[in-house]
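The structures considered in this document are given below.
Look at the two complexes coming up: chain A is in both, with chain B in one and chain C in the other.
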Partner chain A sequence: MFADIISTVEFNHTGELLATGDKGGRVVIFQREPESKNAPHSQGEYDVYSTFQSHEPEFDYLKSLEIEEKINKIKWLPQQNAAHSLLSTNDKTIKLWKITERDKRPEGYNLKDEEGKLKDLSTVTSLQVPVLKPMDLMVEVSPRRVFANGHTYHINSISVNSDCETYMSADDLRINLWHLAITDRSFNIVDIKPANMEDLTEVITASEFHPHHCNLFVYSSSKGSLRLCDMRAAALCDKHSKLFEEPEDPSNRSFFSEIISSVSDVKFSHSGRYMLTRDYLTVKVWDLNMEARPIETYQVHDYLRSKLCSLYENDCIFDKFECAWNGSDSVIMTGAYNNFFRMFDRNTKRDVTLEASRESSKPRAVLKPRRVCVGGKRRRDDISVDSLDFTKKILHTAWHPAENIIAIAATNNLYIFQDKVNSDMH
Partner chain B sequence: MSSIRTEHMRRLPYQARYMLGKGGKRKFDEHEDGLEGKIVSPSDGPSKVSYTLQRQTIFNISLMKLYNHRPLTEPSLQKTVLINNMLRRIQEELKQEGSLRPAFPASSPPAAAADPLGASAREAPPAFSQPAPAPCELGGAAALEACLTPASLLEDDDPDTFCTSSPAAPARLAPPALLPPEKDSFSSALDEIEELCPTSTSTEAAEADGPKGDSSSGGPGAPQRPEGLQDGGRPEDPKLMDSLPGNFEITASTGFLTDLTLDDILFADIDTSMYDFDPCTSASGTASKMSPVSADDLLKTLAPYSSQPVAPSQPFKMDLTELDHIMEVLVGS
Partner chain C sequence: ARRQSRFSSGVFTDRGSTPRGELVGTSCSRLSFGTWAGAHRIVSISLGKIYNSRVQRGGIKLHKNLLVSLVLRSARQVYLSDPCPGLYLAGHPGAPAPPQQPEESAAGPPAGWGEPPPPAGRAAWPEPEPQPERPAVPEVPRAGDSEPAATVTAAGDTLQGGEAEAPEAAWRRVEGPRETAVGGAGGPAEVSGVFPEGPEAARGPCGCPPGDEDNLSAAPRVDGCRAPRPAAAEPPASPPVCARKRGAGWVGGGPADCPAPGSTPLKKPRRNSEEQPGGAAAAAEEEQEEEMETGNVANLISIFGSSFSGLLRKSPGGGREEAEGEESGPEAAEPGQICCDKPVLRDINPWSTAIVAF
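Up next, the complex of A and B:
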């Protein structure tokens, strides 16, 4: 079984479980081993917990096109009982999966023997009560709901509401609100499809519910704007409550200004007070109370600004990088090329570039900061801009909700870094 | 006629000066591949050439992306929209700059990837069967009328020039580093397409050309259009032809950018700024006869920019003669 390209990474709300989705429609869930005194080295390492096939490729006969089975997003539901639940989606269909553990099984049936074969009744002389005996842990995954036919265009985001009853799914032009228990209908809450498709100039790129206010959600566009919407205001939230848009910097104008301003990911902070956005060259922190401009802007790889034409030609300019907050909203992280990922400390304003590679990830190895040089003085281990490998891109990253543990998806490898991360930011 | 011609001649130099004369600095990193770098404004002096070149390149790349790509799955709408916006913007710029040029009635953006090669491929032949720089050939009476004025201005009764310009045409303007190889495959691909659907060829040709009929008009034929449509090799064209019905259905269902004829797509988006910008001599030099002053001016101004990928000596073959010829034929004179 070969490892497929990882297409999404997501910790659950406690950080105990880490789910990854891949291009082949598979979901792999990792579980953090509880720290044990017996094996101090495996302090909370993540091991494979469950693997299942979430989506299969389909064929749209009307359009004569394949529907990819690639998992675009996974979102965990808050845990409400012993079972875990998650939503996984491809371009068209969202599925709700329930993950349960079975570690006991009943033994001592009266009518069946150990293998399950019916007993010869003449041999049964007494009645016994079946007893639950421990067994090897078995993780069972079952599809509980399939939310299909809700989207004409490709789903790019799903987000579970803080009310734990509803969730939204967004495609290029529309956002739908679903009830987790109802699969045959959804409410359309945003629709930006123009009457004449030839007038289409802007699409929805990402969306998310506010972590605390169940009526608020944000969606980003390919023109670099964010719209905060209030579901209490109207049934169809085409009119935003707030529009967050930064005016274009005239000194940086180029043919590619619009493309590089397209927001590829938006994430609310854990506090709910800020939003983090990623566009091609920067990550920006926005204060919900200020629509005019972001409060912080961090350059991820500004050295690419002079290469935009080539990056447009080879399509890299359309790569959709994600971004992440740490648990305390003090550090933000995003991926880049050459298997580099970047972290920015909002308080100290320091940043670091790290690499996810086999060499750098021997157990308990300390990640060495990397540097990309753009001409001028070059230090020993610097990488020059021209030798960056643009096929090695880190699009998907996730941060443990509470601890300094990060999951980095580098093509078809998953790297999990723990603990030492913060100390690298000097 | 002569008075109108003079007017046009007067206009050209102005245009050339307008395009090249404005000052202003533009950051341009010549150590890059010549096409990178920040563009501050299109009106800077020496950098106007490279700005236009870059714009042309980006335009070509954009068209390539939309049309040269037949995915098994539905192409990304976001990507399509962004590329379309790019093309629209460039088109707008060209419209604004090219005041001499007719306003293209088909101002709608090129078809989305969903319908890309579909319309394009099938109708490519007629496009290329006509002599090239038909920026006016927008497949519609309105287009023709819009073209009539400037073309008639250029009218110079020398049908020979048309033929002579043909061999030179492929060398026109395209940054050789990027385009020549694709040009060849492109034109051969177009020939393939032409072979594949002769019916539509003649239909389209008949419609668009009026009295002109089919491809025989001296010339340049397929290679004429490379700048506008640089297409990196289309070996998969036969497949595209087979799958055309699918493309159209996709278009219909996604609704994005249907109903465009090839003419709209191809000609509306052909970069004609070069025509304004460099009304240069054809091999026979008859173009220079039409507008000697402007051509010389331009060549003089262009001479210093030897760093440009295009050799100053044989770069900007002109289309005035070709335009001229087309209009002649169309108007039936």
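Up next, the complex of A and C:
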């Protein structure tokens, strides 16, 4: 099976399932094997559970535009019955998929034989009650809803509300609120499109509902600001309840200041008290109670600050990296180049750079910390900035909601790392 | 799908390796931001990106284009602050084509830039007059509404840093040293005298890079923009940009390159139509307008219009017709160019023609 570039990675609420979306519009779901008592060392590993084609390329004839089938985001719905549900979206259309298992099938029909052919009634001499017999597990996926025509611009985020009934979808200029059961209409709750497009100065880059307060959501902008909105305050949440913005450091000003301050991802902490944002060079932790500036800023790859022109030229400066919290909100993670990803421990203030590569991911291999040298003393395994491979970028990462298991998407490879030992990260 | 067999922990799927992408540090790093050369290079690169965005799968990405336009604006400020823009020059028709290497191009600039522009060329430029960044000129918003890449395409085309071979090669032939100055890709015309002086917004969406008209086929969809002939050849009197506001700026030929103000209303009402939910057709139409309205476009016009105005059309109609004939092939796909020659089409919003073509 052809493996396409992975475009999104998401654990479900229990961490049992891991969904990935790719550029070809496919979704692959992995399931964690239950830990075996016989082999306690093989703590649940992830196997492919289901694969299905979520979106197909479309062509908008009116605009002569092709709509990419690439899956931008996947969000799981909280599980409410035996079935699992998730939302997957491309640039324009969101779909609700239901994933069910079938592990039994009825046998012993009276009118049909084993192959389903009608029996000759003259041969039926007695009646039997069909019984359910076990069968090999089959995972069935079916599209339950298609939420189309809600967006003019490209959808960048979806987020399921804690009320489990609604969700929002955000594009460059608007955010819509949908009800999971209603597909023919949505409610526009944010609209930053100026009357005159010439006056456009910023776009929405990401948005998310608060994990506990179903009336609160945040959206980030290309200017580096965050706006927390309260849906109870007004129908159209153009006026934010809180605006989180850090004043720009004038000494860092360059042609590319605006680009690198654009927020590429925003995530609420599990506690709901903090927000994590990622811009091109840093990750920042914001306290919902303090709008003036982030409470923590971590440099992801500051050595790129002097290379911005080249990164602009090769388009890398537009890469949108995601960020993630661990289950206890004590460690944050984000990707970088050369298949490196970084983790920052908020308590110890220690950070580590790891690499997702075939060599480093032999089963049970321990990831070795990597280092990028920026001149000065160079250690043996250091990599110099100029030899970083900028085509190997880790844009999408996910952290298991409860355990130290991380999923790293490196172009078209998915790496899953488990921390078997209680490392000093905690 | 049936549950598949257990995978080893770690990697799922592998698709082989991708070419190693290392930092292209050379050409960029040699130019510091504060310099005019650096700003110019950045503008060139930016134009190229906007041009490319036009043909990207999935449609124009508003976010990226907005960011690029912000970079352009910053770079433009450096441009404008340069006290000696005149060092820039008109190309030498006979100059040998510079090598493709961006590094070499970057190293090239001094040669090209050191030459003063032909006095006649400078005189051609209208007196600078202060222009608001976004004048309330009809074309501007309209241009803003439409296909952003249209203006920039021509410029961007050759600014690919070596990717677009035909256009680049074509431009180089004409531009000579000037293109080296741009950094390898054969940048937009540096009729430097224009940029610093000229009002941006007043200029039409003529971000066309310079180039011989013969080679215009390489510069697609430049509505109303013609590559300027080398300064020596061109009648100096005609300013390359359409001076909407100033009207009198033209010598030898009316504001041919600029969409007539009167044509604006054709598009404007549609552009500003309220978006309504539901109604597939209506929504689609509004969506269509909206989709085309990537707001940075107008910014781009104002940014580039003056400087990269190579366009020109100042050559006598005969010359142009010839060029047009040569481009008849590509022009089938690039009506923008046809537009600038046919008087009738001249008045049509170049953006809309680009859209139609698209």
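Definition applied: the second predicted complex is superposed on the first by the 416 of 426 C-alpha atoms of A that agree within 3 Å, B and C clash if a C-alpha of one lies under 4 Å from a C-alpha of the other, contacts with A are read in each partner's own complex, and residues count from 1 in each chain.
Keep in mind that, in the parts below, a residue touches a chain if its C-beta (ideal position, glycine included) is under 8 Å from a C-beta of that chain, and two chains touch if they have at least 3 such contacts.
All of these numbers come straight from a predicted model, not from anything done at the bench.
Chemist: Based on the superposition on chain A, does the combination of chain B and chain C result in a clash or a fit?
Modeler: On the superposed model, which is not a single observed complex, chain B and chain C clash.
Chemist: For A:411, using the defined touch cut-off, is the partner it touches chain B, chain C, both, or neither? Pick first, second, both or neither.
Modeler: A:411: touches chain C, not chain B.
Chemist: May I ask you to decide whether A:222 touches chain B, chain C, both, or neither, giving the answer as first, second, both or neither?
Modeler: In the superposed model, A:222 contacts both chain B and chain C.
Chemist: Can A:126 be said to touch chain B (first), chain C (second), both, or neither?
Modeler: In the superposition, A:126 touches no partner, neither chain B nor chain C.
Chemist: Taking the superposition on A as described, I'd like to know which of chain B and chain C A:347 touches: first, second, both or neither.
Modeler: neither
Chemist: Between chain B and chain C, which one contacts more residues of chain A in the superposed model?
Modeler: More residues of chain A are touched by C.
Chemist: In the overlay, answer first, second, both or neither for which of chain B and chain C A:66 touches.
Modeler: After superposing on A, A:66 lies in contact with both chain B and chain C.
Chemist: Output check: A:307 vs chain B and chain C. Expected answer is one of first, second, both, neither. What do you get?
Modeler: It touches chain B and chain C both.
Chemist: On the A-aligned overlay, A:252 touches which partner chain: chain B = first, chain C = second, or both, or neither?
Modeler: First partner only, chain B.
Chemist: For chain A, what residues appear in both contact lists, the one with chain B and the one with chain C?
Modeler: Touching chain B and chain C on chain A: residues 60, 62-68, 91, 152-154, 172-173, 197-198, 200-203, 205, 222, 254-255, 258-259, 262, 307, 309-310, 312-313, 315, 318.
Chemist: Which bits of chain C are touching chain A when the two form their complex?
Modeler: 1-15, 18-25, 27-29, 31, 33, 38-39, 42, 45, 49, 57-59, 61-64, 66-67, 70-71, 74-75, 134, 140-141, 144-145, 161, 272, 275, 277-278, 280, 283-288, 290-299, 358
Chemist: Over in the complex, which chain A residues touch chain B? Could you list them?
Modeler: Result: residues 60, 62-68, 91, 152-154, 172-173, 197-198, 200-203, 205, 222, 251-255, 258-259, 262, 305-310, 312-313, 315, 318 of chain A touch chain B.
Chemist: Can you name the residues of chain B that touch chain A in the complex?
Modeler: For chain B paired with chain A, touching residues are 29, 32-33, 35-40, 54-55, 57-58, 61, 65, 72-74, 76-79, 81-82, 84-86, 88-90, 108-109, 243, 246, 249-250, 253-258.
Chemist: Show which residues of chain A lie in contact with chain C when the two form their complex.
Modeler: 1-4, 28, 30-31, 33, 45-52, 60, 62-68, 70, 91, 136-139, 149, 152-154, 156, 172-173, 184-186, 188, 193-203, 205, 222, 254-259, 262, 307, 309-315, 318, 358, 361-364, 385-392, 411-418
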